[in-house]
Amino acid sequence: MAHYTLASRESKSDDTLIRLGELTLGGCEKLFIAGPCAVESRRQMLDTARLVKRGGAQILRGGAFKPRTSPYDFQGLAEKGLEYMAEAREATGLRIISEVMAPDAVPLVAQYVDILQIGARNMQNFALLKAAGRSNRPVLLKRGLSATIEEWLQASEYILSEGNQQVIFCERGIRTFESYTRNTLDLSAVSAIKALSHLPVIVDPSHGTGRREMVSPMSLAALASGADGLMLEVHPNPAEALCDGPQSLPPAEYLALMHQLRAMNAFLAKLPERAKAVGE
Amino acid sequence: MAHYTLASRESKSDDTLIRLGELTLGGCEKLFIAGPCAVESRRQMLDTARLVKRGGAQILRGGAFKPRTSPYDFQGLAEKGLEYMAEAREATGLRIISEVMAPDAVPLVAQYVDILQIGARNMQNFALLKAAGRSNRPVLLKRGLSATIEEWLQASEYILSEGNQQVIFCERGIRTFESYTRNTLDLSAVSAIKALSHLPVIVDPSHGTGRREMVSPMSLAALASGADGLMLEVHPNPAEALCDGPQSLPPAEYLALMHQLRAMNAFLAKLPERAKAVGE
Amino acid sequence: MAHYTLASRESKSDDTLIRLGELTLGGCEKLFIAGPCAVESRRQMLDTARLVKRGGAQILRGGAFKPRTSPYDFQGLAEKGLEYMAEAREATGLRIISEVMAPDAVPLVAQYVDILQIGARNMQNFALLKAAGRSNRPVLLKRGLSATIEEWLQASEYILSEGNQQVIFCERGIRTFESYTRNTLDLSAVSAIKALSHLPVIVDPSHGTGRREMVSPMSLAALASGADGLMLEVHPNPAEALCDGPQSLPPAEYLALMHQLRAMNAFLAKLPERAKAVGE
Amino acid sequence: MAHYTLASRESKSDDTLIRLGELTLGGCEKLFIAGPCAVESRRQMLDTARLVKRGGAQILRGGAFKPRTSPYDFQGLAEKGLEYMAEAREATGLRIISEVMAPDAVPLVAQYVDILQIGARNMQNFALLKAAGRSNRPVLLKRGLSATIEEWLQASEYILSEGNQQVIFCERGIRTFESYTRNTLDLSAVSAIKALSHLPVIVDPSHGTGRREMVSPMSLAALASGADGLMLEVHPNPAEALCDGPQSLPPAEYLALMHQLRAMNAFLAKLPERAKAVGE
């Protein structure tokens, strides 16, 4: 007995697309989200936004409120960071996404961003899920570090049952015994979500591997596995990033990868019987 | 480099004891917490409280706000549940503990309970940890399903750095590949916490195993491993429990176990060189 | 300090190719291995071999000695199974691979097969690894259920240090908490092996997921991640398979998938800067 | 449906005891096994044997054939190591146990030792299990690094079904995400085996934790959880041990621990309703 209903394919057979103003993403139009781990400065965000735009992604990411394992690490620029992101949106026409960490911060963050992000550590923060469900913004729901596919689907139900039907799943690696990678990226989760749910699912290979050199091959693999998009960490100068430098792409690599990803997407769109192989 | 300071043995070498009015727990005076998974009714709480008292535990547990994987499962009686618990405290003299799930609910829950509980799924809900750190109640911090010892200690730092020094760690099993048990109870975490921190650590063998028949042996083992106490699920009639029935002890088993645990505690107190073997 | 030397990129920078008579596999010429979990009968092997050949794979798999969790399950046809495979090779020109489970069986199995397979459960059966290292057959070394990348590389060293340089790694999923899939297929292991070693690495999405409907998307993803080939379970009639029916492809799906995989391979060969993105 | 029969409680309700000449171990008479990771020299074994004897253990352990992750690490003294162990048995009256790693080595090792040990990496080396099943020695079967309880029981069936009824299970920690300890010692496995099987189960806290300071608390906890014995790594001078020094007890700690363990055993034997609490 599955304990999710609104998220299930049985409740809605056709794929849900994500609407951002005049944009409609999902399906053939993949979601490409890129940007730094943390908003660090006005200049960094403007530079990164122009780079992200040039590469062809539609959405700019950046953390204003950072969930850090230690209270003594950099916690983010808070609302000032959101202001910088909004300015970058004005300058480039990109949409923006940022993480919200507490229920009572949802209205503030929703006022700035186009998509609300809920992080892996908060996947079962039920009060936060409900608050996001009452906002009128699409919600990107990252998979918890040790969440099963079923628990992840059930977590989405907390958002959906509040009336918000725009949920995007994001596979970002699970915690296993392997320490060579930061997490173990589970691309079979993409197939699982596509089979069980009508909601889109994207992949974050930056957190999923924690290693820059793996981002390109895992991005290509994610699209090949049927993912509806990608979330990439990009930084104008990874060596100076305040967090996640080792997994952030520098500009040239980001641009080269986006070029490959568009080619892959075009290839997959023409692949015979593709839909059948993935969807059944 | 350890990323926790206030929780560390280096910052404070002698064990922190937990003060609940005239009671002082930890050290030789173990903390015994018992009660149902969820507060279900006034009668259930009063009956359970008398049973818990009779067995010798000092603290009554009961969930008023329940974190449930699915939004369609029983979510708890909310404030009404806290009222029943307070009434049970009046009737028995027990102290009470209950879970708080959202930062803005901390003042309400703190008004009723003697100890605030933060559940495994919220171990890295940093806004909640900070709010609990600003309350004047001891906080029981359960280990996250896939939290390392170091992440758990760092999470406590969010509470401690707000000025609240009364944190109790609670090992409740980690998520592994094994499915015979609900979780894998990691008693080596007790040794680890005792070595690395001055804060008390207790064990929840009910959630840790998910199997009633394992609660007794794992409780005895937990004390033998050096735990400062236990948290047990007890129900007047487990077959009718609204949640966690299969891991709840019925009255007779609870009373027999508490009898054994007192004997074990007395034995361990006299064990030669005990402190040295555990503490170094 | 890495504890492997012969397997490392530092000891040999150019990719090792696998030689099977006049065939040379690896690099652009991907290894496609297909066939049933177990050799069941002469007819089944001949039928499957013709199907495998038609789809374009070069190597026929089939288990003659089966490692089964329970001694009461079907253990394989032993040498009779190897005879059927050899006959299928005669009839089709395919090469054959089969698992060897004990050191003293290596000479017998090596007499029949073109490639020796060492299963996940035996990845650290050091006596078996050494015996395989003394044979003159290429060895396919599956990753252990809970083996780290480093342990896997070190296991290969037991084969290599006996003088056999033809080792093929095979990622087949690791054991995690997730139970929706039989194992968690770790495609980042492909990137890791390509970066750390000169030896080829292929992927087994059949065991890696345990679900037939995931074999196609995970096969495409494996090639996109940089894998040197695939190992697929195919059965003329999966519903009647003596083992692993739920993860075996029926004929039509196998043929359609091979068609897609050839297209993917051709696409990847032309992808700009591919080598750079994966290899550095 | 359980896939084990000879190991199950249903096939035999009373506990199996282990017979070593005139000794009968299991039940009230716990099995205490102690000694170094590896046999290093004649002198080391004689010194250790006298220490082990003085502490009260009945069985001396020592590795003559060592399963090492890397082929370049010390592989053991082979038969010469077994000779030293046999000499230590002569000198002290202790019984001896050593690991066997290959099916064809079983007769040789069985000629020297009183108990054959099968290591965690070989738990599903089915050819080895069968060969051990055909010897006339009790077999200690360590749990695989990622073996479920059910797979472990099924592995024992390979030994039992060959006619050897003297199998001892040994919990030695499972592989999880936690890296503070070498493995995660799963004491709930003791309860599980006692409930599901009539065969004895002991605990190895040295490998289970990989940390010397945890051996004492985890040994006490293991007995409290119902274990039939313990396997301890002891070395006359851990700082000079060729392997596993960090988890080996020095002489004084070993003697103090054995003193505590005898006290714990006497306490548990008198604990009211103990059998009922554990066994049902």
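A, B, C and D label the chains in the order they appear, each numbered from 1.
The rule we apply is simple: a residue touches a chain if its C-beta (ideal position, glycine included) is under 8 Å from a C-beta of that chain, and two chains touch if they have at least 3 such contacts.
These numbers come from a predicted model, not from an experiment.
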Same or different contact residues where chain D meets its copy chain C, judged by the half mark: same
Identity of the chain that, by mean CA position, is farthest from chain A: D
Contact-richer chain pair [A-B vs A-C]: A-C
Chain A and chain D: spacing of chain centres that average the CA atoms, whole Å: 48
Between chain A and chain B, centroid-to-centroid distance (C-alpha), Å: 35
Length of the line joining the C-alpha centres of chain A and chain C, rounded to whole Å: 33
Junction residues of chain C, two or more chains touched: 146, 175-177, 179
Sites on chain C touched by chain B in the complex: 146, 175-177, 179
Chain C-touching residues of chain D, taken from the complex the two chains share: 3-5, 67-73, 101-105, 121-122, 124-128, 145-146, 151, 154-155, 157-158, 161, 175
In the complex with chain A, residue positions of chain C that touch it: 146, 148-150, 174, 176-181, 184-188, 190-192, 195, 208-209, 213-214, 216-218, 220-226, 253, 256-257, 259-260, 263-264, 267, 271-274, 276-278, 280
